[in-house]
């Protein structure tokens, strides 16, 4: 009957309409949420890069959680144990061995090979710190190395129009600066809580901090001894103040007032100095690569910085990689640099005029060509804090240099005991992951 | 004459002491209202040159402090109510109900008072993780549900409830639960207010456990968020002070409103104890 | 009997909560302290070894543990009596008969107790600032040299002590006031009639009358101060030169920063043993003292 057929056709059309509405609903689900943990100032600033990524990938929402550096290590480990890990997170590259040992991060060789630009564009020294047992576990995000920040006016007054390039010249320059600024001020700031300066000095001399496949401490070796002796000497000669972290509450104020003229620190301070130093010293400071023990300038420095790692247990690894890839694009790295002063890990990004014409950053470019890593083992953080403890004791005169080095070796051997036990049984994680 | 000298001495000492006690708190409030950078001047300023609420604005808008206030308040209220219920029930039972093993168990509990809370913290974390409660509100509420101290306080106070009152109710046919709810609880009201206030203050101010258990920023309580803030903005004194004021203000207000009961409770509890 | 069953029902929830979420973890902690649970064990349970008393032996050989113990002992033995003395002194002053507005003073002195420790630690960090802090400014007004409170290893722990005393003395003060008010007035009247002066009244009436309160306060302060953690965590992170490293802070670092759970559990257990020992010692001294007095 025509009426019935028309009614049936109408029902069919409605049915199709309802089904396609439903299908539309299935095709656009609520956006997946990526959880990203970032530390310090980077955590605050990276939020500004998120909208562009969400525009490119509308099916993803990124939630950034900011964690202070002082609590970051324990928060990450606690989150891992508590099954509350984010999808991806910023990780200092000296922490990568620890997370590899936990089996917490995803190997990224495949993703990196498939991405535009591959791996050739990253600073080799930096990429190396992300590799264990031939496997890459994180992608470098920004680089950090330590070099000299100094007061050009005070140095010029002391007779040095160019920054020193050898240890000899450096010590001479510091001596002259000290004579110039008097007993109430100093030549260089070396906070006790930092293990980097004495370790850098040792690495510059080619020291191996650990021996026998990183199973024992090697701190009594000649290069380490020589480096630490130099470090202590700086305090003995009153070139560096015996200050702890809590004491120097305002580095910027002290630098501006001439309390110290040299500071071994990293790239974040380019921005901080520009922002926080009073106008009286604007343009009166500069950066320079570290002096070398001999004529082979520049002296080596630490391959630091942070990478982005993806949690192995994440349910959204593909999306997490897309975001990590986005963050490490040259264009985004440059945008990030403009916001934070953090230096890009991709060499091509350095061609941009904002970096190529920046004299403060150029010193970092030179320094980044000569890097050395610290031992890539999970125990490194503990060893570093043991180094801090004994260098502080030696500086404060509680131990002699040799006592400090012997104690350091003894403590480090104890810290590494479990590593030796695991190596004996072939249960070391790096070997496990390389095979899988 | 001697009276006057004595009075002057005593009032003077008390006044100086009070001023010294309150000074850091006053400076905290004052600095939070100063324009940026003013709190770090030498010689230190005590009063702001101009009063500005900008730092509070930053806290609420950029740093999302409102969320943390909510978390702290919610947790404090939840723990207080739940623990009041559990502790008062147990305290009343230990005081007024006879059952086998009562005194032995109570003495055992008192012994547990000596164990510092941090001893079991790590295994407790692992236990909560097994239960899937890490980074949840329950992770903070559950360990605070009952406390030996609370049971002790209620029990000491409940001892003074006349047995005749309770027996009369039993003769009238009231059930134990009814007796507890309608007779014992109202009789214990002073100590309950004290315990409630004590628990509220303790939970609001708790730092270490929320620091460990609440890994996600959304669930931070105020003390944890403040410690985070200090790690980041140590150069921004005025902002820090504003955060400190926000953390301290609610619990101080609650305390001032209920202090008479609180102090009365401590007085009565300690005399008997 | 329904009453007995009801009683069990009443205590069950609280006891269950305490048993599962307090006593059980404590027992587990003792077991953990006998293993070398660390980050490798977190990765793979097979990497766990039972090492018996090795953690305790390592503890006794660890110079950092002794530093922490010494610092905590310093805090307890100097800061504790200081806090109790301050509370007692203020309580005596407030309780003096000629003082009016007792409530106002009591509230003001109690205020720091109600505040959040983290917040006041932040404030005191600025108060202690070597150049722009209020304290050094006050010292300079008195003509004294500035002290680097939180940066000098000699002064960092005293600085923390001062802050802890400021924060806590109000609590004990209230307890002392209660104790003072419980001493019967007629004892003082009788003494006055006998011609005893203020000082003698203090020695012969107040002090013995306060003895039980004093014991209570002393034990509670002892137990609390042994657990020093939040102040050094927020203000100095254990520095400078580990001068403010406390036992609980050491435990936290090993436990949550490095996940050396076995070692951290051993530290916690040793702390518990120390607190227990000190408490029993104090109680026994008091009992011996009381016995001596009664036999006079």
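So that you can tell them apart, the chains are marked A, B and C in the order they are listed, and the count of residues begins at 1 in each.
Convention: a residue touches a chain if its C-beta (ideal position, glycine included) is under 8 Å from a C-beta of that chain, and two chains touch if they have at least 3 such contacts.
Fair warning: this is a prediction, and the values are worked out from it, not measured in the lab.
Connectivity of the assembly in the absence of subunit A: the other chains, held in place, remain one touching piece. The chain with its Cα centre farthest from the Cα centre of subunit B is A.
A count of C-beta contacts for the chain pairs A-B and B-C puts B-C on top. One finds 40 Å separating the Cα centroids of subunit A and subunit B.
For the pair subunit B and subunit C, the distance between mean C-alpha positions equals 17 Å. Shown for subunit B are the residues that touch two or more other chains, namely 40, 126, 212, 227, 230. Of all residues in subunit C, those touching 2 or more other chains are 131, 256, listed in ascending order. In subunit A, 70, 78, 81, 249 are the positions where the chain touches two or more neighbouring chains simultaneously.
In the complex of the two chains, the subunit C residues touching subunit B come out as 2-4, 6-8, 10-11, 13-15, 17-18, 21-26, 28-29, 32, 90, 93-94, 96, 98-99, 105-112, 114-120, 122-124, 126-127, 131-134, 137, 166, 170, 174-175, 177-179, 181-182, 213, 216, 223, 226-227, 229-230, 233-234, 248, 251-252, 255-256, 261, 264-265, 268-269, 271-272, 275-276, 279. By the touch rule above, subunit B contacts subunit C in their complex via residues 3, 6-7, 10-11, 13-14, 17-18, 21-25, 27-28, 31, 39-44, 86-87, 89-90, 92-94, 97-100, 102, 105, 109, 112-124, 126-127, 142-143, 145-148, 151, 175-177, 180, 201, 204-205, 207-208, 212, 222-223, 226-227, 230, 237, 240-241, 243-245, 247-248, 251-252, 255-256, 259, 263, 266-268, 270-271, 273.
Within the complex, the subunit C residues that touch subunit A are 36, 38-40, 42-44, 46-47, 49, 58, 64, 129-131, 148, 150-153, 156, 235-237, 239-242, 256-259. The residues of subunit A lying in touch with subunit C in their complex are 70, 73-74, 77-78, 80-81, 98, 101-103, 192-193, 243-249, 378, 381-382, 389, 392-393, 396, 414, 418, 421-422, 427, 429.
Contact residues of subunit B toward subunit A in the complex are 40, 125-126, 128-129, 132, 134-135, 211-213, 215-217, 227-228, 230-232, 234-235.
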